[in-house]
């Protein structure tokens, strides 16, 4: 089951040794859980199969130390190049066997030779997911500035530069067998009056139409809305409403991407997921969690019940359209104080946990309570699934696919980061945007 | 200019006497303001003409004392019947000459004879605006309960009852020369799992299609979204995104209505106004203000700058489509501790103030700063208009149309409420929903 | 273990029969959980003992159907008198054995003979918790109105009336062996300028000083802060900051009460709990859950992880001060669409679940990760406890104390509500505050 | 009236020429406003005198281009050294004559010779305001990292380093005749469980007690609370409640500083100002504006009415304690897309405008409406002041003190920034925290 890769950073032995130590208990717990689920009419093996089939992409930029405008605290042994980031992704894939694809971000991840990159990744058992364009900051040597916008800039030449960049992303993505472009735009305004909302959106649609026209037949483009930041009065694609209207205008390949931290306070995100799905425009996810704004915390660390409710909608949507429903799942977190590899592995687990719990929901019973106006029991039906300790399923799934039952434990024991610290250059602490 | 009505509650003399006392200063201030605006290239008389042409509908339910689930504090002399509410509306119209239409709410406002009602209103210079259906509470003698929904209820018979009610509202509205139906739905859920988001919306669209089919040719239907309350986990039309998608599905007569208090915290409402307008679906407004939730406070009392920014979008949209752009303006407030007549008159003034300030924006200059990426001066251009004390224009507008320069002053001096208190039965303080 | 009561509504037989059916599986699951916890060094029996010792008070007003300003949907068989509410409380206590006390609200719960009431309750195994005063709505026949405030009213006579009411609550409470008064104030303002914040708080402190002086030696007074509603611009005790400053001024018997739904969006409530505890002023809780405002939804139904984090602080505080730490736990929910008895029983379960999970936290290990700056593992230590399915412990606890393993199941099977519907008068659907 | 400075960047001639052009209209508008105010019983000259006496400090760090974690867009001619920042501050002071003090931030603003710095500033008419310590990011060569906290770090040596830094700030501040230290702490946590709330605050109090002990007799220390960022789960001084409790513990020199952008959504900030003032702990302000989080936008640009309500409280507090009430006023904004000099000058104007409007409130009348329970007229009394166009007062105030009537106009005409661009090195666009 385990994908074998060339010269893995963590040896299969290390995984096997740890698993051997944990297997007996995991098997015992799994057996008991299986018995419990059987009482509820659930076949634990069927659930296990779905969990084993699940995967989520890892963002290349998530491997580096994140930060805020107030500063960053780089860790020793952090990656400095895309190849080093790929190495780190390979560790995550090795230990979880649930992250076979990396999502790249350009121009950050530009390299000279994409064949070499592809080969390097493949040798580690990795492929590539959606590519991400970046027109929310200026790069050294860039012709025109995005200070006042990119795809929506008042100046046509600046818009063209941003369009060209997106087209180039598609081109690169094709070389890497990616099948989607994710466009998150920083465009917006900091002052009432600065931007004409309507003309800005018209320019967005015009620019995106060109990008859209550049999509290969089997590609999709994901539009990622965000309420604020880096613009603090308005953003162009501020919410799912604007996003889906634009997706409709652009065409069938255009879909909406939900980042869990990009919404107004109190908003019912699981309902937005349902709506986008109902109207055929749910493209994918950037998983993370947040308490205040776009905090980019580890998925499931702030509100695990919400993550479960999102997966409830995903499982529900899948059951309605088993073949057509195919959103792209990606992590998008900022690891400011943890080792990114550790946080990403934990987040994979949290997401798998939410999925597994959602798979346990008795949908026939639920529907009965819904139609019978029994909110208490409808809710209890969700809670019955949510309250179940599904970790035995996750552990056995990892065991069967050759991943580590305890990814963080094996990782820490391996000394990977310390080894890298001896090789990789550690960046100095750098100030954030305000200095 | 003044519309003369039969047996007005406030005599023209009372208005004239007060105006005579205030006129000289108003004229003097207006002259100075005219001079100031002339320096900026603005013709104060042109602005005045637009202010004089502006009107906003008054909601019948706003005339009674509002309250919360914790209780109400009815005032002496408050109206008990629709005819008494119309009387009160006539006072507002007399004193402001800006509220010639009343928006009714059924079944609350049902009467036996709509011709009589129409005549009664007309005799006081009043007509009727959009009619509002009510399926968010049960009425005495109602066949089926809306406890678990109305247009989206799981049970077809309950849905049909709600559909029938809406169709009846259209029928009544036709008798009263109304041209629109406003549908605000209380349907939603209090528990995760209680409602299947997707099926509920499908039922909504099915029900509304029947209502839509019942619309006369020259009618529109306004859908009013709301984030929460009375449902506290989810609502069916939770935001403008769902609202506009439904409006698209239903057809050209379906439009979206914005209530300023129905949004998530921090949301940029003026942008939503712009988006709805851009996509041809801005139907109208329920004006009020709020600090926390759907507080239904007096328009402009919490964030007058936001109200100005909304009118900036409206003036802008009108300038793009001078003939087609025609949203319906209505007040929708809950007057829990003030005399509703006073609050409504003050709110009319706040709305006129926002409109007037928005009319002062130098749009050519603004566009120049927008296209020239000068956010500071673009913002200053808005502020130049906003900071202007436009009250002299409002006062002269009132003077010219025969309204009171100081509506609240004349109203208080008239002793209207005390007179009514001697005639009308005062309701006892009643507990709210929790008792 | 079971408290025997006179003529219970649910016969012990009904409970025993249901438990007999569920016991074997519960015991089996408990055994496996015990094994799992033993691996982590946790003695499941010790946890069980703490869960069995836990209790939470039920609010008398929570037994009636709740509602919003938009309306209420009373259920058939709902209680109309305090005695009927006590009957319903007795059902909850019988089935959960975790709610031995009722919290009363005056003047709603006034009766002629408090000895009779006490005897009636005692016969059902019930006592009384904190008494709640009510000066947020006017009662029929009340001398002065609270429309513009009560304990902070500008008029001294109105303040005195409110003070007297609170003193009367203490008097009644003493007859019922209550030991605390909870004061939640509706006082505030709807308009900027309406209230002088400082003078209003001075009046509050003056009024409360008189109430405080009326407290018996072994009583406490709990101040309950709330951000908004029914006042929508400002409230007098708007947050925990004002609450604790007032508690400090008043004296050692004055403490702060946390209602989980009374905070601004995004606020870290578990930290407020910690702060109040640290400064010696955590008096108690009103448990419920909310997504938007003071939604008063069932405890743990919106964000169960947050409820767990609150209990983490409570368990932590208890471990620091095992003898002195003694907050009062009460439920305070509005059951708008469910049978209150069912919702309250489910909520008791959710709270017990949060407590139980919090008891599983390995505090020594946690402290090690905290001091060692290992946020990932510190968080994982919490999650290890949270992810555990503790329902077997709850079930065995119920079994041992003679409660129902499945309270809602037994309740539904008993036909209690239908029986009451045949006896009790059903209220008509009543409009909320806006009509 | 004008403070003459050595070699001003903008010549007095430039100011005088512009003023000469604008004076006549300003005088004419001022005369008319004076007449209007006289009708209300207000002496415009008395108001003018208070406006002329007002000043606000400028933050050294506000002169550089701000940014977000996503990037910065430095402007040509931006300052690179503290001396260049002081030059820019001098321009603001020259043109507004309302910003005679600069607030420094260490270690960012460390220089070799503080006498030289003081002399350099004095030569430009500038002195120094509160000094700000910085322990929220690591500096090159710093011994111990603040990644996991500073004053509250689990490790005593790290705490001592942070304490020493604060003591050094006091030392430097004394050399510059500053009289206060502002401590804003980035300490907090990103994960539930990471931090023990109680122990962290105990450590804070211990650390701050040492800093407090180092304060000279005539100094104050300001504690600045913040809900979140850079920590995204919890912060140590999360709100004004924790802040004031700590201020009480520390002693009379400890006070609370309010940054307008550091609160939870919807919170009533003007009430917090009133509460801090009532309890004797209002130390000062960081003025800015925000729509979403700590957006650090220009003061008054998002919600000018709120800024007015804050000044209403300040004017009110001053009227209660004319001699003792003395909060420190500072700007604290992030100028991401505007020229900082321009934004700061505009913000000074917005603040003066809020102050001026607040000075126009008829407090006797207001109090009458408050005590008479007339919320409508109480609110109208505030609005009467707010709706007044006070810009003529600001203009005449500037004229009389030798500032520019149109600061931005004179600044732009002067070509200052372009001149500096020729001299100063322009920084490259730099990525924010995530790269």
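In order of appearance the chains are A, B, C and D, and numbering begins at 1 in each one.
The working rule: contacts are C-beta pairs under 8 Å (C-beta built on N, C-alpha and C of every residue); 3 or more make two chains touch, one makes a residue touch a chain.
Protein identities per chain, from UniProt: A, B, C, D = Sugar isomerase R00627.
In this text the structure is predicted, and so the values were computed from the model without any measurement.
Any chain bridging chain B (Sugar isomerase R00627) and chain C (Sugar isomerase R00627), meaning touching each of them, is among A, D; the list is complete.
A centroid comparison over C-alpha atoms places B as the chain most distant from chain A (Sugar isomerase R00627).
By number of C-beta pairs in contact, C-D leads over the other of C-D and B-D.
Here the spacing of chain B (Sugar isomerase R00627) and chain D (Sugar isomerase R00627), counted between their Cα centres, is 39 Å.
Remark: chain C (Sugar isomerase R00627) and chain D (Sugar isomerase R00627) have CA centroids separated by 43 Å (rounded to whole angstrom). For chain D (Sugar isomerase R00627), residues that reach two or more other chains under the stated contact definition are 147-148, 190-192, 227-228, 233, 265-266, 268, 291-292, 298, 301-302, 305, 337-338, 375-376, 379. Partner chain B (Sugar isomerase R00627) is touched in their complex by these residues of chain C (Sugar isomerase R00627): 61, 64, 66-73, 108, 136-140, 142, 145-148, 186, 190-192, 227-230, 232-233, 265, 290-293, 295-298, 301-302, 334, 336-338, 428-435.
Here chain B (Sugar isomerase R00627) touches chain A (Sugar isomerase R00627) in the complex through residues 147-148, 154, 189-199, 201-202, 227-228, 233-234, 238-242, 244-245, 263-268, 270-272, 274-275, 277-279, 305, 309, 312-313, 316, 320, 366-367, 369-373, 375-376, 378-379, 381-382, going by the rule given at the top.
Across the complex, chain C (Sugar isomerase R00627) is touched by residues 25, 29, 32, 36, 39, 265-266, 268, 291-292, 298, 301-306, 337-339, 342-343, 346, 353, 375-377, 379-380, 386-389, 391, 408 of chain A (Sugar isomerase R00627).
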